[in-house]
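My questions will all concern the structure given below.
Per-chain residue numbering starts at 1, and chain names A, B, C and D are given in the order in which the chains are listed.
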Amino acid sequence: MKIALIIENSQAAKSEIVHNALKTVAEPLGHNVHHYGMYTPEDKASLTYVMNGILAGILLNSKAADFVVTGCGTGMGAMLACNSMPGVFCGLVIDPTDAFLFGQINDGNAISMPYAKGFGWAAELNLQDCYRKLFDGERGLGYPKERAAIMAKNRGILRDVKAASTKSFVDALKAIDQDLLKAAIAGEKFQELFFANAQDQEIVAYIKSILA
Amino acid sequence: MKIALIIENSQAAKSEIVHNALKTVAEPLGHNVHHYGMYTPEDKASLTYVMNGILAGILLNSKAADFVVTGCGTGMGAMLACNSMPGVFCGLVIDPTDAFLFGQINDGNAISMPYAKGFGWAAELNLQDCYRKLFDGERGLGYPKERAAIMAKNRGILRDVKAASTKSFVDALKAIDQDLLKAAIAGEKFQELFFANAQDQEIVAYIKSILA
Amino acid sequence: MKIALIIENSQAAKSEIVHNALKTVAEPLGHNVHHYGMYTPEDKASLTYVMNGILAGILLNSKAADFVVTGCGTGMGAMLACNSMPGVFCGLVIDPTDAFLFGQINDGNAISMPYAKGFGWAAELNLQDCYRKLFDGERGLGYPKERAAIMAKNRGILRDVKAASTKSFVDALKAIDQDLLKAAIAGEKFQELFFANAQDQEIVAYIKSILA
Amino acid sequence: MKIALIIENSQAAKSEIVHNALKTVAEPLGHNVHHYGMYTPEDKASLTYVMNGILAGILLNSKAADFVVTGCGTGMGAMLACNSMPGVFCGLVIDPTDAFLFGQINDGNAISMPYAKGFGWAAELNLQDCYRKLFDGERGLGYPKERAAIMAKNRGILRDVKAASTKSFVDALKAIDQDLLKAAIAGEKFQELFFANAQDQEIVAYIKSILA
């Protein structure tokens, strides 16, 4: 799986803590971690939590990433922003059981975590435990497993409802403030990572036109 | 404030626990609590977490409610469903500090809480504490208060982004599976509460056409 | 390691949930789990949280057990009772990071967990995660590892302080209400498990005299 | 009530955060807060979590304080150290519901809290909420209130058991490493606060002899 990591400005100083925890867990499981920034609080390209959501939308809808790991101070803003995007189903994950149940029951394609609230000493251990619950083994199996079928059915209904209430992703991109969109894709590794991995040509073309 | 309570089927047995906790806190603060069901696990009108989201969308977009309190087993499904709706900004709240920070920083219009995961003995106390942090005093003041302006600005940007990526609410309603929509508004008190409080005539008219 | 499980009366209905979670984790790691009861709410021998502490003291001081897993509604009463015993260092563990840090930093010989407060749906997953953090691998290595030496030193000082402030364990046993002591060891498997495993002959002799 | 605050060396930098949160809650409720240090990481008198326990024992057994608020990185070490002292019943409190239930059910005379683990942004809010649950209103009323009598009975039994298993407090003080004891009472405000408030003349005399 291609896992994209997106960090917003208020927690950029913790970028390496989060990145290391994610790599420590995900890479031995065979996943690739693509860090889309921010990398340090001094990065020229600064991401707000709203931009995190837009970027998550671009990566998931274009299939440049299979899963997005993001967050903010409480995790709430980045979660709301991700979920405002067509095709993004972002859980708010605080502890390993949240991560496990989100993976098995909701089987979304993004998580947001708090990197300031409750983030004290040894928080890197909790990050690793959460990632492990998500990325080790198959997701979407239901919990308890006897309820797998009804849970899968409801996920499908939710997907249809969200598709019905949102625009197509390219239409959404076009309707968003274009300066905000530019800022969301201004990260120093965005172009390298995105163009190498994105598979939806319509989205790729639109992003190219924005960068032109 | 008109606070709508929406309970889905898997947690319907706890309907009165949640309702009582909410009334205990909200009514002395001058708010009205409208319980849209489910009331018992045996209710004829059964709500899934996806329907909770649709109902939350109807109530908030029509201004039948100013705030929605909902949830499910983990809170995650109802949160995702709410956030799939235009104009709904639903936090996942687990502890009182979550509630406070969501109210002050994100100032959304809905919360989803877990009514099974972590919901053990004395959980009614945590419900009350969370509600108090949300409904006692003004929301949206920022935390820390020095960051109020930037927080308010980002909320506005998020609102615009979500408005750009979603359809108008009536268009969303029309695009959703109409049987699902009917099921979402089949609760025994829906018509009484909704028609007395809704203020958007276009939504009211569409809901009337569905019920006809 | 011999791990003793002790369940008090208010949570006796969850005895098998806890026992299964503990066995699921500990046995594949090569540990033996000795369940000292309660086994069901209907057991003739009823244990209060205070008796849990006395029983933990007997098992640990006699070396009938290397580690005690206990708890109560909030975990607090059983923790206080365990820690009132000479030679018992009982942590209150709520989440996996608590378990890990208690194991690495404090390296005590007992944990108490809440089996009612916060114990909702999927709580068995959290139990397993906590046990795994405690029983998989070596304890007492410090966290972070650079601080291992100072942490070990403070543990030694704490052990000396507690030894200085408490009586010898047999003197403590003699001073406790003897009816309470009898009730604490009245479980149906106590004699079978205890006499097969205890190594301190003075404690064994005193317990025999009580049972005579 | 006289509430003593004791902070150990690893968290001394947060001394004012904790002190302010405690005063903010406790003083308007009519309680006095006595801060026994540490005050800054640079204090000449450095307290380890084991010393916190000894100091808590001195203050509570002498009635210089009615309640002790302490902690350490995880809260676990200070809790174990407090509970190793005769007459001290110290809860580990992480969230407001813990605080409330400990106050109502266990009605101990000390709490230890984590000031590093889980202590992130806005943690001062959680501190205040926990203190409020403990210090606002009467403790020991039971929860639920119908179980007040049995809860009070078990507290009494626990007190008797601990009294039976520990030495008299002065005997404990005499048995502890006397250099450790001296270090525990070396704080710059100890003598001023202790001698003005302590009521047990035997303990006072022994402490005076140590300081001589």
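Keep in mind that, in the parts below, a residue touches a chain if its C-beta (ideal position, glycine included) is under 8 Å from a C-beta of that chain, and two chains touch if they have at least 3 such contacts.
The structure presented is a predicted model; accordingly, all values stated were derived computationally and were not measured.
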Rotation in the CA alignment of subunit C with subunit D, degrees, nearest 5: 180
Contact-richer chain pair (by C-beta pairs counted) among A-B and A-D: A-B
Computed distance of Cα centres, subunit B from subunit A, in Å: 24
Inter-centroid spacing, subunit D versus subunit A (mean Cα positions, whole Å): 44
Residue list for subunit C, restricted to those that touch at least two other chains: 73-74, 97, 101, 117-118, 122
Chain contact topology (line, ring, star, complete or other): complete
Subunit C-facing residues of subunit B, complex: 73-74, 114, 116-123
Sites on subunit C touched by subunit D in the complex: 48-50, 53-54, 57, 73-74, 76-77, 79-81, 83-86, 89-92, 94, 97-98, 101-102, 105-106, 108, 117-118, 154, 157-158, 160-162, 164-167, 172, 175-177, 180
Complex contacts: residues of subunit B adjacent to subunit D: 95-97, 100-101, 122, 125-126, 129, 143
